[in-house]
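Before anything else, here is the set of structures, which you'll find just below.
Paired with chain B in one complex and with chain C in the other, chain A is shared by the two complexes that follow.
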Partner chain A sequence: MTGSKESFTLNFKAPEFSEELRSEGAEFLQDLPVPNRKTERWKYSPIAKLLNGSLKTFGSEGLVWPEEILPDPVPFLNSYRIVFRNGTYVSSLSDFPVAEGVVCSPLSEVDSVEFKNTYHRKEWVGAMNATYHQDGLFLTVDKNVILDRPIVVHHLTDGSDTASFLRHFISLGEGAGAEVVVWCSATDASSGMCNSLLEGHIASNAYLVIDKVCNEGGEIFKFSHEHLIQERDSRLKINTFTVKGHWVRNELEILAVGAGTDSVFNGTYMPTGLEHVDNHTTMDHAHPNGTSSELYRGIVYGKSTAVFNGKVFVRKDAQKVNAFQQNSNIVADQGATINAKPELEIYADDVKCSHGCTVGQFDKEALFYLKSRGIGTDEAKALLVKAYVGDVISSVDRDEVRNEIVRLYSERHGWE
Partner chain B sequence: MLKIKNLHAKAGETEILRGLNLEVGPGEVHAIMGPNGSGKSTLASVLSGREAYEVTDGFVDFDGVDLLDMDASDRAREGLFLAFQYPVEIPGVSNMNFMKAAVNGNRAHAGLDPIKGTDFLQKVKECASLVELDGRLRDRSVNEGFSGGEKKRNEIFQMAMLQPKLAVLDETDSGLDIDALRVVSQGVNAMRSSDRSFIVITHYQRLLDYIVPDFVHVLSGGKIVKTGGKELALELETKGYDWI
Partner chain C sequence: MEPTEEDKLLNEVTGKSYEFGFTTDIDSDTIAPGLNEDVIREISAKKSEPEWLLEWRLNAFKVWSEMEEPEWAHLEYPKPDLQAISYYSAPKKKKEIASLDEVDPELIKTMEKLGISLEEQKRLSGVAVDFVMDSVSVATSFKDKLAELGIIFCSLSEAVQEHPELVKNYIGTVVPQRDNYYAALNSAVFTDGSFCYIPKGVRCPMELSTYFRINEAGTGQFERTLLVADEGSYVSYLEGCTAPQRDENQLHAAVVEIVSLDDAEVKYSTVQNWYPGDEEGQGGVYNFVTKRGICHKRSKISWTQVETGSAVTWKYPSCILKGDDSIGEFFSVAVTNNMQQADTGTKMIHLGKRTRSTIISKGISAGKSQNSYRGLVKIHPGATNARNFSVCDSLLMSDTCGAHTFPYIEASNPTAQIEHEATTSKIGEDQIFYCQQRGIDEEEAIGLIVKGYAKDVLNKLPMEFAVEAQKLLTISLEGSVG
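Let's look at the complex of A and B:
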């Protein structure tokens, strides 16, 4: 049985800011359909079950931060921090940068934001975010200013039947630089939905690094949409690690609006049990001399499912573009499923594009080699898995972040 | 040490071993020679537990245990070592982590605690010098980017680290130049002892100038058709296999 679209949003409360966006969002929310199995983009990630829930938004009043989750998810990292709980800003746990040329605060405390993202006009999920977003990170960095430490954006879902809506806005001026860690946690007793959107503008010659980690217990439907716009000669690196999550959809869109951009985006996923992880990526080269490199690796265990859809567009005038895409998958158990679909559309004639997509099992020869030295089957597999995803994780620049991701994966998959 | 009785094995639908019998005593070195396709490498694979082969008949007793009843890891832990004809490259797994896992896997089986870091490094140093394997190769991913000779030296290094009761060398000499062959053979000879046995599978007599066997067997059509001393290898070198 499926609940109705209208009744689903009945208990969502919108705070009083960014009214223009909210009213536009509300209109589209009425008109846009809930995606179903016939909707191509959602074919392998049906969300009908979500509507069965009776979810509501929460404030943060009177709540105690749960002991089992550290407010600081990367404890050894020298960083700034902005913390949210069930969509609401937690000021007592946050620590903002104060520097010339940097504005960093919760979105709810900013007078007006010029959102350019139009996801709410295309998808029901996006319209919900525009209408109900509760808070998020607001960050602008002025020309030639480099943020001295990474900012950790930590969101915690805590409680059953929660609906959380986050909207982050990042804008880097010419030659500016920033690193952001977007971390999502949830307590084991949690359920509901977490719907987040990140809009990032990277001006010419600026750089943005984002490490995104989902480490959520409980049963949460997680929608995460990142939209990044790169101007001339800007650099972007975004890593998406799904460590743990009941149902996760990562959508990443990178739009190169100037020449000479460099985009690196990687991801790993290792769902177990009945988990579901979906990665949809789009790289759009509309200008010459850009480079992009994409590496996603996953292993599906148990009865879990994973989806990879990677689109690369190289438009007519985007000559001398060098685009690389690789997606590899290992199906570890018989009941597990992977749906992988690389899509390349190339309209320019002087470009270098390569892509590969593989779905396979553990390398039997490698496994036998390890076992023939007295290493047990489970440990041999762990060694191979660690090497396989470790390759992707090694692209994280900060040791503290990388070590924490490896530690979480190790704990979960018994690597050591 | 090892008793193989009436061993039959097939790969897919093709029967490759057809009633092979062989006994290897402690401290003995047995060379197995034979034409291409006679079943030499299949024997190595079946002994070490490669899953692609199915044993249809026969029995293998390894120092009192039923070898065929165990999976590859346990065979190794019982003291069997296979030096691969084509050592596998494993990107992302460092040679050192690999060896540490192997040494500790074997120790756990013997009821011992994991090896201490300093003891491990000392052991690595000793074994690496045995086959002139330099530090650069030790620290790299398993066999990744190694030359053919380096891969074979890495096999003997691993053998030295694991101190097996019985080592099966599967065409360890193939593709080696004379220097590498000398280094590999020195490593093997240094490990010969009264309680360690070797089965040396080779296509070429040349190796047996360096690793001198106690027995030479000719494998043909999936069974051993002739057995002799080391002089048999020389005879095969000059006359070929057709006269047997």
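Let's look at the complex of A and C:
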């Protein structure tokens, strides 16, 4: 690592709201070690290359929105929209819900936010976010209010050596419901870092659905951390699709702080070339009768690498928890690597917890079956891949979102 | 739990008068506690070792001095004070031992208590025993019979004197000095251990076994085992451990190296029953062991372990599958009760083409114990058509214990096929109910279910061990119901 962390961070300038978090983040930033290959949580995802760069934050003022990227990433979806570019809010392209019991705005326009997330005390990446966070979605939904349309949060990175820091905040009251699509795109010429954090509070009996899509061109190091807190009998579904991205790290932490929670989290990744995709998930069952189900599927092509680390904690007294985790991988080409680490830490006895992890190839018999019916190898493989990740994609509720994800994958991987 | 009950069961295990916590009074030749270069020179001198081995030890010491004690394991324990340990304790040899009559009668008594009296062993069981008591091998049986086949089975120090070329050729090749903190420590201060060499094409006619026993108070035990199976040979090796009761923690940092040359097969079985400490977690042995084997072409190494003892276990018997078509296997039952902690598992490193590995790990946690499986399956880019299958099951017997799984899977070859699955659960109430209905009490029912659960692994043990291991399981879990 040639660039010291000081020289790396000096260029940044952040807006002047939520000062408290910023100064606390800065304190921790001083002391927390920069992740390297010896850091257990980062051993498969080195960031040395990023640290060699010199980055700066940009605004979006006066810039023309690039033609190749639609401000509305999910065509035909009847939704609300909040758009950011290089970490700053673009009001002209946004469209907010106006309804009783719903507060939705950019974070920078909110008087005060009670951040509870403490990621910045644990990780250097988190401290970076706390110190330099620029803007993000602020959404609160009152008791028993169901948001009528999904909110699309679209972030565009555009420009070289760009650093963007997003911080989203979602809080749902008792029995409330909301759907959010978190979409990230970047132009092919862009490079730098995008560091985003989402903090979500789901009160009892409420539900939250998040579909997260990363479709970034260029060479961006992407750190994305979602921290969701679930109270009694709340439901959460979060899908993480990495369609395209140079270096992507998705960290998902779900903490059940009440009994009877239900958490579903799925994901797919299909890196090609020299791409790197890392999915870290933590499911923390601290209370009884919770259920969780996790399904991550990936294919590594070319010389790409993928990482999967799934942790399931079942704390003492969290009896009758039912946790399931499945991770499947296909190494498609010589030179590609998958590093998987599914973990279970169980401290309660009356539980059902299992995980499965596989690395394999395309089913030879299935390929033969298709080929013997006149379908070429490539096409046959595409069909199998489509079915393989299709199981995960099908868990997206909205047709429009699902179709767009399939379309992007198809375009990228030459499916029919 | 009634202590008398436990004693009864223990006696049953050995079938002889045997109980934990006895020590044998023999004059011991012990050097002052502490660790420095001089101590190493002293150990080496006491054992009249050749110059190269002393150099090797000193080099290991240098490496070790620069290392830090690992902290990544899911274990919590006070760090042993390595300067407070005496690194050499040998029963005084009055003269060379030619026959059993010349063995210290006290020592024979110990062996009898352990249930492995040499006399009896020789006559009855057909198991050759290399008996290690406090680091120095004092008697070896069946040597002649093995010698006829060209098999060398002796203490490592004897091998250093008599077969230096073999030792020099293989020592440290599988577990290098700088491999890890405890392996480096062992390389510097190992006092003795077993050496075994099976010549080309020889099938060893009997199970080779070694019994370890920590005896002298305040002495760490640094065994080093080196097992070389030459081309096309076969050997089954048993290792069993018992340790007497101690209040202070004792350190056991052993190294086992296995070299399995082309077409050879090695089966290494362990029943580990070091003193686990009392119910409050006082005392007990620290078991920090490095075990590894290297497989050449078409060869096979099979590790089977039943881990019931030790306060803290840190142990990963591993296979480096270097040769094409080689096979690695790992079968493990790890039982923790009371305050015991175990972090154990395996590493399967696939380098050769068409290499295969199987991992079956069964963890059972009871009381307030913590039981972790930690494993690595690594498929290198050149390991075409490698295959791995892993199952890690955990059984929880109380609501205060923990069961954890940390498998690492690293695949860099498109033809690799890896399956890993893990489950954590408790004994089904319906199963216990079923047994109780049929007049089997709860404790016995649990014993029955646990034995069934661990059967996949216990079946892999040689006969003599399988019986003992089953009883050990029952004892270890006694009183954990509820």
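Assume the second predicted complex is superposed on the first by the 415 of 416 C-alpha atoms of A that agree within 3 Å, B and C clash if a C-alpha of one lies under 4 Å from a C-alpha of the other, contacts with A are read in each partner's own complex, and residues count from 1 in each chain.
Simple rule for what comes next: a contact is a pair of C-beta atoms (placed from the backbone, for glycine too) under 8 Å apart; a residue touches a chain by one contact, two chains touch by 3 or more.
This structure is a prediction, so every number in the text was calculated from the model and none was measured.
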Room on chain A for both chain B and chain C (clash or fit): fit
Partner chain(s) touched by A:40 [first = chain B, second = chain C, both, neither]: second
Contacts of A:23 with chain B and chain C, given as first, second, both or neither: neither
Residue contacts on chain A - larger count, chain B or chain C: C
Which superposed partner A:352 touches (first chain B, second chain C, both, neither): second
Which of chain B and chain C A:387 touches, first, second, both or neither: first
Partner chain in contact with A:372 - chain B first, chain C second, else both or neither: first
First (chain B), second (chain C), both or neither touched by A:144: neither
Partner chain in contact with A:334 - chain B first, chain C second, else both or neither: second
First, second, both or neither for A:343, with chain B first and chain C second: second
Lowest inter-chain C-alpha distance for chain C and chain B in the superposed arrangement, angstrom: 12
Chain C-contacting residues of chain A that also contact chain B: none
Touch list for chain A against partner chain C, complex: 40, 314, 316-317, 319, 329, 331-361
Sites on chain A touched by chain B in the complex: 364-366, 368-377, 379-380, 383-384, 386-388, 390-391
Interfacial residue positions of chain B with respect to chain A in the complex: 48-51, 71-73, 75-77, 81-82, 84, 87-88, 90-93, 97-99, 101-102, 105-106, 109, 141-142, 158, 162
Residues of chain C defined as touching chain A within the complex: 72, 74, 379, 381, 394, 396-426
